[in-house]
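What follows is a pair of complexes built around chain A, which joins chain B in one and chain C in the other.
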Partner chain A sequence: MLAIYKRELRAYFTGVIGYVFLVIYLAVAGVLFCYSTLFSMSADVTSYYSLMLIFSAIVLPLLTMKSFSEERKMKTEQLLMTSPVSITGMVMGKFLASYTVFAAAQLFTSLYFLFLIPYARLQFATLFGNMLAMLLVGLVFIAVGVFVSSLTENQLSAAIGTIAIILGFIGVGLLSSLLPTSYWLRYVLDTFSVLSRYQSFTNGYFEVSAVFYYLSIAALFIYLTVRVFDRRRYN
Partner chain B sequence: MIKIKNLVKRYGSNYALDDVSFEIGEGEIVGLLGPNGAGKSTVMNILTGYLSSTSGTVEINGVDMLESPIEAKKYIGFLPEQPPLYPEMKVMEYLNFVYDLKGTDLPREEHLSEILSVVKLSDLKHRLIKNLSKGNKQRVGIAEALIGDPRVLVFDEPTVGLDPKQILAVRSLLRTLARRHTVILSTHILGEVQAVCERVIIINKGKIIADERTEDIVRTIEDSYRLRVKICGSAREVEAALSKINGVRGVTATGERDLDAYAYIIETESGTDVRRAVFSTCVSRGFVLIGMENVGTDLETVFIRLVDRSDGARTDKKKRAKR
Partner chain C sequence: MKNFFKKMKGALTGRGGQSALITALVVLLVVIVNVFLYSLGTALRWYKRYTPTDDLSLMGDTDALFAEAIEDGREITITFCRSEGEMWAHSSGKYVINTARLLQEKYPTLLRLRFVNIITMRDHETEERVDLNKYRTDMNGNETVINSTSVIFSSGDNYRVITDTVSSLGYSDFFGINSSGAVYAYNGEEIISSMMSWVLTDEHRTVYFTKGHGETADVTLTNLISCLGFYVDVIDLSHHSVPEDAAAVVISNPKNDFERAAAGSSIKIKAELERLDEYLLSGGRLLAAFDPYSKRLPKLEAFIAECGIVLSGGTDADGVYCRDIIKDSALSVNTAGTTFVTEPGSGEAAQRLASVVSKYSADKVLVSECSALTLSGGAEALLVSSGSSEATRGDETVSSDGGFATVALADYGEAGGSVCVSSTVLLTTGDVMASSGYANRTFVIALLDELTDAPCTPYGCNIVSTDTTTLQNLTMREAKIYTAVILAVPVLLAVLGAVLIIKRKNA
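Our next item is the complex of A and B:
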């Protein structure tokens, strides 16, 4: 698993994808930061992070679209599958490599708020809550991306598929908020809503159940990816 | 070393492999031969744990591939049909990755440089894989299979797409490797099996139709004996005269012409030598004999006959079943 993790991480930066992702992510984060805090003279972190959440949904597939689709296309997955490595180890190696790049970018953009310290009273609980929430939601987005990339050898399809599923996750949250509170469908939609659990973090509360929720949704998609490989051996 | 028992691979109602069993002992070098689509790659993919079989078992060095795949895969070095290379990596970087991937515990520097010298890539170790020629890419693929010094080497069509000089180089490399490893290679090139393998398993439409030592397989199928002659004179007369010789089954003109002589293939019953009789017939009829040579049955012919025979047997069976 460590070998795959290291190779994957290095591949991001021997090719262009790693740099492209970082440049886009940091640049857009900078612009959003300027608009949501500096220009509006506000130390409110939540609006910045909710914009970043939507933006992440669109750029994260850049990191995961290659994961397995490229291996399949280049037939290198044959090397991975016939090496003495478990399928779970292989999937985790890929997943963690993508997550490392995302987490590094995410933590780096959080440094932007340091510039506000001399000028405003930052609410650190809210800031950390938002940071943690982003890192947790990232787990889900990347797990979805890795899963979708295992389904196709076409990188573009992988990226579009991932965006569709992630926007679906966000969409059900919005949809459920339109429904009357006691309506049964609302409960169902809330189960799949990545956003509804996000809210409490942004208010500075630490919710253990939400942490478990994100971890288990990510685990579910990793498990599904493993199943894809397991099944393919029988087909 | 390798034990394959009653292997079946079914895609829907299609049998890619139909009850394939064989055993390969330590240090053997075996060729898996068959026309395209016969199931060679399927056998190799199941053998290496890339695919699962519908039923049947694979044992590598006594370890069952399905029960403990990670343990079993440690004994195998596999070069798939298309070498699994990452084009954006340098040769050395790639080999280091494979070294880590396989969890090798041999001394890294020594082991990798030994492999590089075996496959003759030492000079190219800092080059990007995508810039290598096809032959050198194949060598990197072979190097990948050798990492960890696995006891079994599985090569799927190792010489496809190489130029004649590269083919010879890869074949001699395979022979060198066979001294220390059990080697199984697939090919549809018959000369390759004759040049490299001690034993040949012929597979057609998912079934094994022959499994014998390379030199024996020619002998088992060979029930006739062929002679190639070049004779000056009217083709019709020559054919008629040659056909009358005792022991001759048939004479066919090959259509090939050498000055005013034509070439013929004389087929005889096995065990009869008609060379003297051919010579004296020519002398008595006034033909001029300018060439004569034995044509042994080559693997090509054997192969085609075996495949035809197995296809024929199958259609016979079907016909019988219909009745």
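Our next item is the complex of A and C:
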């Protein structure tokens, strides 16, 4: 797994995709930060991270779209499946490589708040809470991206499919407030809404169940990716 | 056992319908466990809140206020109309009782706290009967409401009642509340210290706000004047002369002009400006704040111009009269440049105020939407814009000289009267006065003390701002510099990436 992880990480920066992702991520995060804090005269952490959630939903698929699609397109996935690495190790290696790039970018953008220290009483607990929430959300988004990427050899289809699923997760919470159906259905929808779980962090609550939710959904999609390759191997 | 695990592995990793079933079961398990944990977490409160706790410690310079009273052995009683337990359990009352207890610990011989059951009128601790009915009329004979949110300050025959009759918050007088009804700060230390000082003072003068010209009075300012030991009242100068107990007259944001008696009139009719003139010539004090965007007030402005303070203005390119608005890009905190921090003037009074302000605050005074004041004679600038500021009329710049006066002070007559003019009504807005990032509150206290010799000056009291997210003292120039630094990073990364990729391709 470590070999796959290192290889994938290197591949991001020997090719263009890693730089493109980082440049876009840092540029847009910088603009959002300046707009929501410096030019709004506000040190409100939550508005920045709320915007970053939506932005991440759109840009993270860029990072994951080539994870398995390219291997399939270049017909190199056979090599991967016959290598001494387990399928789980292979999937985890690629997942962790994507997550490392995202987490590094996310942590770097969080340093922007240091500029605000001389001008406001920064609530570090809220900042760390929001950072943790973004990192957990990133786990889910990347796991979804890796899963969708394993289903198709077309990178664009992988990106669009990932965005659709992610927006679906985000939209579930909005849908629950519109549906005039039973309380229990809405309760279940709220349970699986990325937005409502994310909002508990932005509202200043560290919820154990929310952490489990993100970890379990990420694990589920990684499991599903492993199942896809397992099925493909024996087919 | 080995066969069982082999079969399990086969089921999980095998092909066909069996593994699809397992997959479906795994998904269902994740759903069920998440719903279960979410419900359990909500029911058992498996969460931790990470909001900061407010620092309610005492910070005010109050020893000097009470030193004499402590020496004389005087005593102040603060009566709360509910039990101490109820105060601590109350969402806003707990702040008030916390501050009162801290003050009682600081001045144990001076201050006593009492908790009275408003129904039985008995002290919760001693069960003694307490007559609250005498507090239903204030010391001026006006009716006062006493309810469970009342806080009564008393010392000897002096007393003052604070009752929340307007807000569902309870104890709202101890908080700063903006026009939308939102709480922006807790101001208890200042209010309680001021009221303690109030009841130790036997005579109280009154600050009169003029009326009849569309004036608007900033509630933060009126509350602060009250904290300084004055009564606050309104006066109609068209019918009444300024009373002898007046500590000052305030003209706050007038929309219509004042009246002056016709020149050469054989009938001696006192008009408003004559009454004002009479008051100032007897040693009175006038504080006038103008909105630079309001219409011209020729008679009032001419009256003020007689002591050397003129609100600059003229006709713009369209022939419309407008005031000269100060724009200060160097020290501005908004993109338009019309909200900026100021410097003290160079005169004696300005330096006196600046030294008081600097004793309690390292920050500057913020002003917004000011017109430039032109000074002559003995008039002195108290607050000025920076040297790189400019005065604009409409879209044109009329002067780039910088150093424009925004608040000025001038003497009036020989008996010690004085006139203070502010070319903005936004010196004393609630959110700025509550901000720990600007020195506005300290400056206004010092200014009012300079004008009126206030009996109580609650400098340095802890104002706990509930709005912890507003950036203070950040100028637009600094914001642009930070933006450039932040956006330079992806640009540099793009360049670095391009160089490395090209190098690799060529290698």
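Quick note on the criterion: the second predicted complex is superposed on the first by the 228 of 235 C-alpha atoms of A that agree within 3 Å, B and C clash if a C-alpha of one lies under 4 Å from a C-alpha of the other, contacts with A are read in each partner's own complex, and residues count from 1 in each chain.
One rule holds for everything that comes next: contacts are C-beta pairs under 8 Å (C-beta built on N, C-alpha and C of every residue); 3 or more make two chains touch, one makes a residue touch a chain.
These numbers were taken from a predicted model, which means no experiment stands behind them.
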item: Chain C versus chain B on the shared chain A, clash or fit after superposition; value: fit
item: Which superposed partner A:Val16 touches (first chain B, second chain C, both, neither); value: second
item: First (chain B), second (chain C), both or neither touched by A:Ala103; value: neither
item: Following superposition on chain A: angle at chain A, chain B versus chain C, Cα, nearest 10°; value: 170
item: Partner chain in contact with A:Val85 - chain B first, chain C second, else both or neither; value: first
item: Partner chain(s) touched by A:Ile160 [first = chain B, second = chain C, both, neither]; value: neither
item: Touched partner set for A:Leu132, first chain B, second chain C, both or neither; value: neither
item: Partner chain(s) touched by A:Leu215 [first = chain B, second = chain C, both, neither]; value: neither
item: Of chain B and chain C, the chain that contacts the larger number of chain A residues; value: C
item: Nearest Cα pair across chain B and chain C, whole Å; value: 8
item: Touching both chain B and chain C, residues of chain A; value: 14-15, 234-235
item: For the chain A and chain C complex, residues of the former touching the latter; value: 13-16, 18-19, 22-24, 26-27, 30-31, 33-34, 37-39, 41-44, 108, 112, 115-116, 118-121, 123, 125-126, 129, 187-188, 191-192, 200, 204-209, 212-213, 216-217, 219-220, 223-224, 227, 230-231, 234-235
item: Footprint of chain A on chain C - complex, ascending; value: 13-15, 19, 23, 26-27, 30-31, 33-35, 37-38, 40-42, 46-52, 333-335, 437, 468-474, 479, 482-483, 486-487, 489-491, 493-494, 496-498, 500-501, 504
item: In the complex, chain A residues that touch chain B; value: 2-4, 6-7, 11, 14-15, 74-86, 233-235
item: In the complex with chain A, residue positions of chain B that touch it; value: 11, 45, 48-52, 54, 70-71, 73-74, 76, 78, 80, 82, 84-89, 97-98, 100-103, 144
